[in-house]
Structures are given as structure tokens and as C-alpha cells.
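Labels A, B and C are assigned to the chains in the order they are written; within every chain, residues are numbered from 1.
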Amino acid sequence: MAVMSGTNSNNDYPIYAEGLMRHFGDVKAVDGVDLQVNAGEVFGFLGPNGAGKSTTVRMLTTLLRPTAGVARVAGFDVVKDADQVRRRIGVALQDAAIDPLMTGHELLALQAVLYGIPKAKVRDRSRELLERVGLTGAADRRVGTYSGGMRRRLDLALSLIHQPTVLFLDEPTTGLDPMSRLALWEEVRRLNAEGTTVLLTTQYLEEADQLADRIAIIDHGKIVRQGEPRELKAQVGAPTLVITVPTGQLDQAREVLRSFGELRPTAEGSLGVGLSAGAEAVPAVVRSLDDAGMQVQHLELNEPSLDDVFAEATGYRLEGAASASGLPQAQGAEGGTGKRGRKRGTNETTGESA
Amino acid sequence: MSTGTLTPRAEFAHSAEASHAWSQTMAMSKRSIIAIVRQPALIIPSLIFPLFFAALGASSFNRATQLPGFPKVDSFLALTLAASVLQGVIFGSVTGGAALAVDIETGFFDRLLASPTSRVSILIGRLAGNALFGCIEALFFTLVMIPFGVNIRSGPAGIAVITLAGGLIGLSIGGFMAAMALRTGSAEAVQGVFPLLFVSMFFSSAFFPRETMQGIYRTIANYNPLSHLYEGMRDLVITGWSFDAMLKSLLIPIGIGCVSIPLALLALRRRLRAV
Amino acid sequence: MTSTSTSTASVTTAPATRATTSRAASGLMMRGLRTITRLPSAFFPAMLMPIFQSVAFSGTFFAITKVPGFPTDRSINWFMPLGVLMGSAFAGVGLGFSLIRDLETGFFDRLRMSPAPRNSLILGPMYAAWFRSLFVAAVVAGVGFALGARLTGGVLGMVMLFGGALGIATVATGWGLGLAFIFQDMRGAAIMQLGLFISMFLSTAQAPLSVMTGWLHGVASLNPITNILRMSRQGFVNHTVNGQTVGTGVTWHDTWGGLFAIVGLSAAAVIFARRGLNKLDT
């Protein structure tokens, strides 16, 4: 597990967790999570539903007590100094609804009161935030009339009322249309540029790829990968070459590809191979197929994605066609299990590393 | 096919249809009873609350029975038996009506309509279930109160009439509830009628005799059919067997049913037309 | 996006703010009161019910006032204070219903994540319950006076009535919030109502102790709600000793038991609610 700065003391990390556990009866929802989030970074926290993501966030935001382990946020212990933590964090939880009977303006005013913002400043602060998230015109409308995107933006404004140094965003774009999603990403970038440390949980790998400086992948309550997306992708190794040949030539093509690297699962009717020599091997592959008299109908080279990192780390894919329910019959994939790479929980990165 | 064979077959078909409708009604009735029995949380309040209020009344108002206007009784409990039956059956009928509305809300009612089940048997079956539950409730309250000193002076025949009256009340009030359910398709709307029914009990002689009331309360109670129904059942308990009491106990719910069941059938027809 | 992955900037110098308990509670109270106009269907049944109860009981049980020793000759004088207290109790548990809704939707998580003092999360709904209770009490008392209730205990009698209403509202709110924290769904609502309803009726709700017979007499004598009812009814009924009228008006004799019951039950209910709130973290 990567520790970014060996010189940092625990107090210097805006978010720090060590051996964090939360058990519900026999269920180990979070089973020994270690996290070090550096000041001023956007940290992506990835995992499928039920992996332990939300439970971890609930512990870090003082909503739930850990069964064991230590967690410090903004330099304070989440159990012993919960009040100090609350003063310094902003949280937009996916599950924390906004009262539909109140107007945006009233909710901001209530939030300002709860955070002890002086009366004289409440109006200005609310106006500034409403303007920032583009809700000035809807401020006096009941939240029940807002669209999903508007609610998320209001939620973000609510979490910023006290200018927090650490911001937790729990699946902030789930269910949003592409335009709203882009607008929210832009706002997260702006906040981060202003110096706010952001912990972002998401199921969207693209979101993490776009926003996060570093990510952690959690599965079955444990962190299985942590680091910069670029590094993690590089660890997965070789790019995947996907080719399509006539159905009758699939077996022969599979034999040819095998000599260039490990076969990988792809959509039905195509073949994939992890090029152990990198992108430079593409001409050689094409020549070999040509020499064998095969007709290549389609060819594409895919660099490793976070989905590949996720699949490699957990044994299944988080999004896309190759879901956990079973990959499309992995034509030529060795083992033919339909699941990519290593068994869940192993840390080997295989011999295909670039 | 000869005409000679047609007639008997048509007769056979007719009788088969009738027996089929009967068995469907029985099946629907059985379903509504099973639904009640399998969800004790729904029926327990209709059994417990009337007993709770009867026990409260017996302790709170026992001395009031010595006042002028009260019939001569050993205990206030004897006066509350009929009121408990009324309360319990009204409670139960609301639950039955709400169950029909839930069937409509969940689409189960549409599934029944899509089957070759007789339309009327869907309604009658449910009302028959209500009636049976009303009988059970009436008998339950009677048997529970006997050990506490309530002497049913009209004897087993009176108990039979009270039990039957409970069934008829279930049928007639159930008719209103079914009409409401079919009309609105909303369990919440049906539940919302309960306070109205409960209020109507307070403006009757169900708790204290009409003779002890004054002014507008007494006038309303005089015209409220529930007062006369209650008094019929009460007389069977505290006075003894009388033809008049029996008629009041049975004919008043039948009269109410003559209004409520056609209303329910109308609501059913309206809903079928809308489907 | 700025990335300062090795920054060691101190994170403990962030602006730290904290609301006072009373300010945070007032903010939450306003939210609770706003529901009255924005979701009237959740509030008005709780107001109509005690009006109906006062009217129906007074009319139906009118004859009870003729029993020797009954402390008033007007049934509305006896049943209107019961309606006031019942309405206040249901105004209190109404805040419990609202809390269940907030817990189910997750809105309460938002409140818990704020640095607002934990006591304000209990006090806010409590303040709202007090306002609702005073409103319900005023309306029910108004209806009672319109139907012929006669104040025999002067202004102090009204103070006792409204004091009793606030007391019952406090107890009911604590009870409602505590159960909401424990169950976190509508099962809690049923228990809230049932518990309150039964404990209110197992008292002198319908008849005074001197008129009661049998088991209820024993239960009602021990039930602290009886003391609160006695205190609250002082402005409307005569004082009786062994069934004989000995005077009217507010006396310390009929007040202290009610105050003691209010303080004791309120303390127990608020502790119950506070413990429930603490348990949410675990």
C-alpha cells in the first residue's frame, strides 16, 4: 500500500485511517482499512455496492463508530474528537436526503445555523453559494420541485456552507444526466483548486479517472489497490489488442495470438491479447496473422483502464459489458472462467507488467 | 348436433355455471378469511380495543348505572357488550375494505378480473368473509364477557341472534367499505372513513342510553340507526328474549346492507367499465 | 485540479465553528413548525382528534356528571382538559413521526454530521412540540369555551391547563423521539401512539377516582398521568374530599403531584431520547 509521504505524521493527513474495522454481527463490512489522503488532493474511493465504501465514509464522517482501528480526519480522531471533525468537514451523502418541504434558501439558512455561522453572514454566504451552484433562481422554491441535478447541486452547496477543509462526496453523480455530471465535475475541480481536500466515492471509473489524483479500490471490506491511476494502470501491464476475424478462423487466430501474450476476455466473436511487448508488437501481430492467411476484419489497441485495474485487483469488472455476473464468453481466454486475471484479493500483478 | 341434445346440455351448462359461481364465491370468501387469520396484526386491534374500552368503561362508569335513565343492570359491562360488538365489527370491516383496496393497488384485483372468475363473486366472496368474521367477533366478545359477570338473559337463542347480528353488521358496514375501496382504489381513503364511523357511534346510544343525553346529541342519537341496533342487542343481553329486540338486531343491519351492498355493486360496475 | 500529494500543510487550522445549543435548537424548531403549513395532513388530524374527543365525550357521557361526588356539573369542564392534554400528547409524538421520516430518508444524518450540539437535536423538536401543543391547547380550549366550559379557577387555572399541556408534550416528545431512534421505521409510530393512548386512558381520563370502581381505580391512582390531569383540571372542576365539594380554584395540594409527575416523566423521557440518539452512532 502506497504511503505518499513518509515524512508526514498522522495528523498531517486530512484523512488517515489505520486498521479501520466495522463489523455488524458476523458481517465484516469494513475489515482493516488503511488510508492516507494528502492535503489538497482528490482521492477516489472505488468499489461496488456492499464493498464497504459507504460504511468507511460513515465512520470517517462520525456517523458510525468503528469496531476497531484508528481514523483521523482534519487531524482529529473521529471518535474522541468527533465534534472537532464535524466542524471541519463537508459531506454530501448520496443517502442523506434533502427535506422536500423546505426551500433551498431555508435549507442553507438551517445549515448555517447548525454550523454556527454568525447571523450577519448567513444571507451573504447563502447567496454566494446559491450563485456558485447555479440555483439563485430556484432558491425560494421547495426542494420537492427540484430535478435530481438541482438537488445534488444544492447538496454540494449545503456541504460548503462552513468552508470545510475536507469534503466527502458520496457518489455525487449517480443518476445524473451527462450534462449535470460534467457540471458537477467542474465544480469539484474548482473546489480542489481552491485547496479543498476531496474524498470522492464512486462506482463510475471514468469519474475517478477524470477527477482523482489517487484512488483506492475497496472490495469485501478491504483495500485491494491504492495509488495514482496512472501507476495502477501501468501495473496492470500490457495493452490489450482486440481483433476480429471470420468465425471459422477464430481457433487458428487464437493460436497465433498466444505467442504475443496472455489471452484476455473480450466480446463474443473477437479475440483479445495482452501484448507483453507493448504497443510496438502490433505490426508483428498483423504480419503473423497475415502470414497465416487470416483476414483481420477489425483491430483495436486498448490501453489499460481503471476497469482493468479493478478487474485485476478484484477478479471481476465494475462496469461495462464484462460485469461480475459473467463476462461475455471470453473467446480464447485462458481458463475460460469468464473472469479476468487473478483471484480476488491477490496482489500479484502478473508477469505482463510493462 | 341434434336439438334433442342441446337442451339438456344447456341446462347442464347453466347449473354448472351456477355451481361454478358458488364455488368461486366460496373460494374468494375463504381467501379473505385466510388473509385475516394470517395477519393477526391487522385483526388484533379490532379484538383488543373494544375489550380495553369495555374494561375502562366498566370501571369508570359503573356508578353511573344507578342514575335515572339507565336500565337496571348488575354491571356496566352488560351495557357495553353490544357496543363492543359494534366497535369490533366496524374495525374489522374497515380492515376488510382496506384489504380490497390493497388488492386494487397491487394489481391483484386486475388479475382476478383477467381470470374467468365471476365479477360479482369477487365482491360477494369478500363480503361473505367480512360477515363470517363479524360473527366470530360477536361470539368472541360475548364469550369473553360472560366469565366477567355478563349474564345473557335471552340465553343461547340471544347469543345466536347477537352472533348473527355481528355477521350482518360485518356484511352491511363491509358493503360501505367495499364501495369506498372500489370507488377510490386507495387503502388510505378506506382507513380515513374509520373516524367517521367511530364518530357516528358516539352520536348514538352505544355508550350511554339516549335517555341520559341532552339537546342535539339526543336528537342525533334518536335518528341514528346504530342507536336502535345497539338497543336491540343490549335488550337481548340485559332484559331477555323478545321478538322486538331480535327484529331490531337483525333487520337494522339488513336495512343498512340494502343500501351499502347495492352501492358496492354499483362501484364494482363502475370500476369494471373503467377497466 | 491541483495535486499536492506530499503537502504537509497543517489541517488543524481550518475554520472551526460551533452553534450554541439554543440557536441550533431554534433553527430545528422552525423547521418543525414549518411542517404545519407545508404538510397540514400530518398535523391537523392531531388537532381535530382532541376537538372531536372533547365534544363527543362531553355529549355522550354527559350523565356521568350526575354521579354523586363528580366535581363539576358540566361534562365539557371535565372532558375539555382531557382533550387539551391528549392533543398535546399527540403533538409531541407527531415530532416522533417526523423524526422517523428524517431517519428513513437520511435527512437526520445531515443533522448528525453537523457540529450542532447533540442536545439541540433533541431540544429542537421539543421546542416545536411546545409551540404545537400551545396552539392545539388554545384551539381545543376555545372550542370548549364555545361549548359552554366555565373557568372556575381563574387565570391560574388556565396556567395550570397550559402547563399540563406543555408537560405532557415534553413527555410525549421524549417518548416519541426515543422510540424513533430505536426502531427507525414506522413500527415505532404504532408503539408511540398505543403507549401514549393506553397510559392516558388508564388514568382519571374519563372519571375521577372517587367515581371509579374496580381495577382501574388502583391503576389510575398509581398512574402519574392522573396527577397531571388533576393539576390541569383545577381551573374547571371543584375540589372534593371524599366526594364532597370543598372549594374551587388552584391549590398547591392539587398542583405539586402534577409538577412532580411532569418533571419526573419529562426527565425520564428526555434521557430515553438522548440515549437513543447516542446509540445511533453504534
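Methods note: contacts are C-beta pairs under 8 Å (C-beta built on N, C-alpha and C of every residue); 3 or more make two chains touch, one makes a residue touch a chain.
Predicted model only: the values in this text are computed from it and were never measured.
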item	value
Smallest number of contact steps required from subunit A to reach subunit B	2
Central chain (distance from its CA mean to the mean of all protein CA atoms)	C
Distance-maximising chain from subunit B - centres being C-alpha averages	A
Dominant interface by contact count, named by its two chains	A-C
Distance between chain centroids, defined by C-alpha means - subunit A, subunit B (Å)	60
Between subunit C and subunit B, distance of the C-alpha-averaged centres to the nearest whole Å	36
Intercentroid distance (Cα basis), subunit C paired with subunit A, Å	48
Complex contact set, residues of subunit B against subunit C	52, 55-64, 66-67, 69-70, 195, 199, 202-203, 207-208, 212-217
For the subunit C and subunit B complex, residues of the former touching the latter	49, 52, 56-57, 59-64, 66-67, 198, 201-202, 206-207, 211-217
Subunit C residues within the subunit A interface of the complex	1-12, 14-20, 23-24, 26-28, 30-31, 34-35, 38-39, 102, 105-107, 109-116, 280-282
Interfacial residue positions of subunit A with respect to subunit C in the complex	4-5, 7-8, 11-14, 38-42, 61-65, 74-76, 83-84, 86-89, 91, 93, 95-99, 101-102, 106, 109-111, 113-117, 142, 158, 162-166, 189, 192-193, 195, 197, 211, 213-214
